[in-house]
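There are two complexes below, and they share chain A, which is joined by chain B in the first and by chain C in the second.
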Partner chain A sequence: MRFWPKEPFWQGVAVLVMAFLLIVFGIPYLPPLLGIPSAPIPNSVVVQYMLTALVGVLLWVSDNQTRWQQFKQPFHAVMVEERKKPIRMILLVLLPALIGFIAYGRVKPSLDAPPSFRAIHPAPPSSITFQGRTIEITGLENPLRTRGSLDDHYEEGKSIYYENCLACHGDLLDGLGHYSHGFNPTPLSFQDVGTIAQLAESFVFWRIAKGGVGLPNEGGPWNSAMPAWEEFLTEDEIWAVTIFLYEQAGKTPRTWEEHAEGGEH
Partner chain B sequence: MGTRALVMAAYLLLPLPLAAQETDNENPAGKVVYDRWCAGCHGTDGRGEGPGALTMLPRPRDFTRALYQVRTTGSGELPTDDDIMHVINVGMPGTAMPGWEDLLSSQEREDLVTYLKSMSRFFNSSPPPAQLEFSNAPRVSDDRIAEGAEIYEQVECSKCHGRSGRADGPSAPTQKDDSDLPIYPANLTQNWRFNGGGTVEDIYRVLRTGLDGTPMPTFSDLIDAGVITDDQLWNLAHYVRSLSPEESPRIREVITAANVGDGEGGLPTSPTDERWETVDKFYIPLVGQIVVKPRWFNPRVQNLWVQALHDSADVAMLVSWSDPSRSPNEEWAPFAQQIVEAMGPKDEGSTWAPGAPDQLVVQFPLTLPTGMERPYFLQGDARRPAYLWSWRSDHDRAVEMVARGLGTGQEQPASSQQVSAEAAWADGEWRVLFRRSLATPDSTSDLQMPRATVVPVAFQAWDGNNGEAGNQAAVSTWYFLALEEPVPVTVLITPLAAFLLTAVLGLVVVTRAQRREKEIPGRN
Partner chain C sequence: MALTPAGLLAQAAEAASQGTVSIPAYGSFPAPGNRVAIWVAAQVHLFFAAFVLGVPMFAVVAEAIGIFGNDTKYDKLAKEFTRLLLVSYSATAIWGAILAFGLITLYPGLWSYLARIFAPTMWVYVGLFFFESFTLYLYYYGWERWHDGRAKLMHWSLGILLNIWGTAVMFIANSWLTFMMSPPAEVMPDTAPGMVRLWSAFANATWMPINIHRVIANVVFGGAIVGAYAAYRFLTSKTDEERAHYDWMGYVGNMIAIGTLIVLPFAGYYLGREIYEYNQQMGITMMGGFMSWAWIIQAFLIGVLFLAGNYYLWVGMGRIPGAERYTPYTKWMLVVLVLGVIVWATPHTMIANRDELAAMGGTHHPFLGVLGVMSAKNTAVNLMILTTFLSFLLYRRANKRTVVPWARTGTMIQTAIFVLAAVIVLFYGVYGYFVTAIVRIGFSVYQVLAVLAAIGGVVTLDIMIMRGAESYGAIRWGQMPPRSQYALLILAVTFTWLMGLMGFVRSGIRQHWHIWEVMRDTSEFAATPPLGYAAQVISWCVVIFLGLVGFIFWVGSLAEKPITSHPRQDSLPSTDSRLASAPTGN
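Presenting the complex of A and B:
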């Protein structure tokens, strides 16, 4: 502990610096330990955590009278001591300048892209019209799972995927195909635990069949480039590609029983 | 072609030895990985004819021929294991081949290398290939780049890649790969799309090894023959690198159009006006239109650069893009025909015919969206129409259209045409300057563009000499055009007040502390 400062003020500063480093650089290392992809901490969360740390530091320094006096000492010194005059002057200019700068950032007119919200999983309709026929979505299971050979369906689904889906959703099913950079919003990643892994196959069927143009009005805007695949593929072909998606991404579809237990999502 | 190639050719005539067949069956580990992740494009048999192959040009690699583009070995030689592993790890930029380093374990990737090699008899019959000796990159300098430019002409790079590097050389329309399919020379102004990598070291390596299976030759033999030195080849590599921006372009969602004011000069009136050099350029990547039939998996226009300015009356937008030829062009007609035939089996219904022009569409919503909902990104829909500026190289003018879906654009009558366009094609690049008044008299059929607003904008581009027409185009989704205004002085009031208030407060606190310190010294 040779480098640990003795004065409460500098101890408080050291705690805050360490908290900041831990939050910004330390926490992102945690998810990979559990096999989850990492992501940077959003600024608003950093601010919240830092405020919590600051409150903790203030509680600690004001906990007893001597420490509180020691803690206040550097503030007092900067304000009154003759040899600290340069620091005093610099702070008297810098602090107001910083406040002014922040205020400017707030009031400056800026032309940004409108925010685009995106509900990933809109509530599915109870039935859809598929190539002129009505298909009940509620309670629907993938008929190919109880018909014929699963390997054959996988192979068929694979061909369909590579002929049609690859350019956007990619070889790795991570939504980073060689066309993905051309689209905003970007294509979905099926490796993501938030996509097909938490959906029933009937939902996936509906989304593939109707595409971006077939998304319900409520909860929009969607602005999705996903084609309506009923114009390209048959019912069985869509079911086959669904089997391929789950198998290739190593995910299991939710069943209707789970769906009923889990409620709406 | 060295002796190795001769050995290979001779080997083709020999019957396949048993040993090689056994190796094929000995590696189930690599086969499992291959069948699951690679066969979709390269085919179960490795011939590059998987289900995804027809959406790609050049087609996926045929492993049975053992012709690898990205190597560290001499032209015509086999790749080293590390070469194959390198491409598996990082993929090939500008193509559909991704990097697999994150998805597959190192053991899986090693198994894969062994399995890929087992697909060709050449790997068994030849001694392990020797890596070429590469010198270290000399530091770049203006002199080196200048000498590189001379070498570029001397060794005839410009024949295919063009004087400007935009793949517009005289031989470009006749190039074919080893599968006899048409192939484009690389656009040397876009190093982020070089399939062997875009650093100066990558470029030097490709110059030394060539890209086997493509018309790109090796230049090592010119060094051996004493025509150029290794150092001069580095200069060439530095020159080629200098044709691309230092950093790969970033995608920015908002294209800002600054207000140039109504003083002298005004808006540039020509696409080649040198004032455009100082205007911020926005990079817009395009991809094939693969939503509406007939789809297009082989777009030639891979990206656009957009620059925009406005004054109190007009908006000016300069769109520039690489296009190796000015369509229509008879020299390119056979090339376009071959492209249509190569891509045709994938999506039938091409409406291309010789004489097809280059086209560009700048698309806006017909009315400014009030919420977040915009027209469908492919020229709108029945409920929310799109308003288009449509330019064609054969008419050399732009017209205003209103569309309710891709290809449904209706040209507005001549009396209400408000947009003007001036185009220039030079050295493999189109520059088209559009200009329109912010407000027009046709308030129901033209988008009105109030100042200080953000207007959705999208782009579509066609290269007629690449077999593109109708729905078969390169497209973008929505971006935004921001018509910026100078910051008014009144905006400064709040920050100034905040500054002064804080400063006064600080002074008061300090003076009070100092006065109290004088009264009771040492009191904290």
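Presenting the complex of A and C:
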């Protein structure tokens, strides 16, 4: 390639620049051109990806003795050669300035809330108190799946959803209801492969019944405005809306046996 | 008061109110407190124990290669392994005693409860430990005396016996700690310890999965520490002969560590599955709850292991005549590994500030979210395993020229097997997004089987292809740049830290229970510490262990004789001008 540098040092720099452009601009803006949704990547993940790329570059330049010597040559030249003295002096100013700038960015006061360190799924309790009764969550199945007509339960769940859940979770169950933009993070999208598709119905029942206030202490603080629906719905109504969620989103609930797989990262 | 868990812990308060003398529920350790004191003692003991249990396994294999392959260099290697073992053994016992005394003085209630159930096994443990110690002394000190004929076979049998004692000791200790995680269903908070059936408590739900996982992990860990020892000795070597010996020893250590690491995830998967089956809540806490970030760190650390292990092999190709045929491929293997690490370590729930969350529409990235689930991660790790295996294969073939007439066809079949395995892994990885969870779980089995079948098939073919192969020249042992040895040191540090991290996860998922849902932790240290705090404690454990290991190995080296033989006398250019120009830059 005509524009591809020949020296390992500049090849490494070129790889890192390309990786940065791909991560910061490519991933957020290229998929939407093909109709695939995407978004800017959080800084924490950008740093993670770039560090991995940097390690990869360093391994590549040093796994061969000739390449390693060539890679080190520019550093050596800048450090000792007389004709590179101006570059040396510039670096002598720029490097401390850069470190100072990064340090300033880290310690300057900010009004932003600290980044959340959320767990993927809160661990459910083995039992909960539902409207004064104790319900064992472990091993619990949706009783409506073996009672009455599934179509009837679906229709009932649909009514309940549209009366109570639509405003936040949206018409398409994508978490983009009318009120959703007032929340940060937005309500969960049930279309996402990482939400109800990963969970047993008993887990969904627990979350609906207890809402954000019923989330466990560990893994907090939780950013959830979900009400505790046990205050407004009966047990069967919650099970019915659970059936609606899975049917409408085209997902299948996990069974208790399936959990033996292990979790999702 | 009944001798139930609650009863034991409440005895102190009752005794105090009655003015009688009794055992307090908890002792007191000055800063940093009971929990950290026990944590450090248990973890450092475990590091040493893993080393002294792992090393005999490959020492006895190396000795067998020496006996049956009639190759004395393996016999010398086995002896050197055992010497490391000998000097580490007392440290294992000392830290075991610290742990036991710590439990007795700081957690007397828990200790009393466990002792009432497991007392018979504790005596068996002591007996086996006694046999293990004396078998080790016989094994090491009898090495030169029993070095021929039947006596040598008897000596080798001692090595096997040493492994049997050691494994039995570990299995017993495993029963105590797994009981705390997964006590049998019939053990309730009000069950008196005397009523608990010993075998039921001993062979609890997670006992065998932990046994299997630890046996394999001990070999991995032992290999890594041996590799680090060899690296240290290589870097401080004064003669070419020593450098050649420790270069070879480091290579063997790396091969043992990385080769065994490949099967470790399957044992971990079995353990995770059993934890889920035992208790759903514990399983979700471990994988999806507040411990879930530990798995992202684990992915990074295992990524480091794969990268460092492969890097060591690629650098090592520089000392193999004929390896230049394969060096152009290493950059593509590196690309696969780096992409694998990126995918494996992509969190499903990302750390993001308020604006970033708003831009993503939640904590799941709309595009990268697909990399956060098991389908992507299984695919990434299987491809990394395949790539690592390819590195080993190229290393093995590097200085060999095939002579069988069908060598080219055979190599093409090997390539086809690799490609087929990769396609199967990718196919099931992608297809996994379009099926239900129960079907997707089955796919991970197909992926693993594809990789294992490929490894088996390719190795079998390779042995046949390489039959009677000619050499491009002997490996120039000792002509390794120092940075390759730092890769071995990184491997050892990473393995040690990783063990500490996963130990914290395994123990921490009990949360505020000494014994899960049987005996509650009512001390001031009942809360499970956050990951940052845990990382600090783990780091201290690693520093203590590696510091002591360094000291022990140094002490051990004081009395040794200089190395007088090396793996391939014929291949070592001891006075060769090539050594004078050997790469030394780092």
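Methods note: the second predicted complex is superposed on the first by the 147 of 265 C-alpha atoms of A that agree within 3 Å, B and C clash if a C-alpha of one lies under 4 Å from a C-alpha of the other, contacts with A are read in each partner's own complex, and residues count from 1 in each chain.
By our rule, a residue touches a chain if its C-beta (ideal position, glycine included) is under 8 Å from a C-beta of that chain, and two chains touch if they have at least 3 such contacts.
Predicted, not measured: the structure shown is a model, and the values here were computed from it.
Novice: Is A:Q48 touching the first partner chain B, the second partner chain C, both, or neither of them?
Specialist: second
Novice: If we overlay the two complexes on their shared chain A, which of chain B and chain C does A:Q73 touch? Say first, second, both or neither.
Specialist: first
Novice: Determine, under the contact definition given at the top, whether A:L176 touches first (chain B), second (chain C), both, or neither.
Specialist: So A:L176 meets both chain B and chain C here.
Novice: I'd like to know which partner A:N184 touches here: chain B for first, chain C for second, both or neither.
Specialist: Touch status of A:N184: both partners.
Novice: Considering only the touch criterion stated at the top, classify A:S126 as touching first (chain B), second (chain C), both, or neither.
Specialist: After superposition on chain A, A:S126 lies in contact with chain C alone.
Novice: Of the partners chain B and chain C, which touch A:T234 in the superposed model: first, second, both, neither?
Specialist: After superposing on A, A:T234 lies clear of both chain B and chain C.
Novice: Contact-wise, after the overlay, does A:A39 reach chain B, chain C, both or neither (first, second, both, neither)?
Specialist: second
Novice: Regarding the shared-chain residue A:F101, is it in contact with chain B (first), chain C (second), both, or neither?
Specialist: Only chain B; A:F101 stays clear of chain C.
Novice: Indicate the residue numbers of chain A shared between its chain B interface and its chain C interface, in ascending order.
Specialist: 69, 72, 112-117, 176, 184
Novice: Which bits of chain B are touching chain A when the two form their complex?
Specialist: Listed in rising order, the residues of chain B that touch chain A are 36-37, 40-41, 50-52, 54-55, 95-96, 98, 100, 102-103, 251, 253-254, 256, 285-288, 290-293, 297, 346, 371-374, 376-377, 381, 452-454, 475-480, 482-485, 487, 491-492, 494-503, 506-507, 509-510, 513-514, 517, 524.
Novice: Quick check on the complex: what are the chain A residues that touch chain B?
Specialist: 69, 72-73, 76, 79-80, 88, 91-93, 95-97, 99-104, 106-109, 111-117, 158-163, 166-168, 170-172, 176-179, 181-184, 213, 220-221, 223, 225, 227, 231-232, 248
Novice: Given the complex with chain C, which residues does chain A contribute to the contact?
Specialist: Residues 27-28, 31, 36-45, 48-49, 52-53, 55-56, 59-60, 62-65, 68-69, 72, 112-126, 138-139, 175-176, 184-186, 188-189, 192-194, 197-198, 218-219, 252, 254-265 of chain A touch chain C in their complex.
Novice: Taking the touch rule as given, give the residues of chain C at its contact with chain A in the complex, in rising order.
Specialist: Residue positions touching the partner: 269, 272-273, 276-277, 279-281, 283-290, 292-293, 295-296, 299, 303, 307, 311, 314-315, 318, 327, 330-331, 334-335, 337-338, 341-342, 345-370, 372-374, 377, 433, 436-438, 441, 444, 481, 483, 511, 528, 583, 585.
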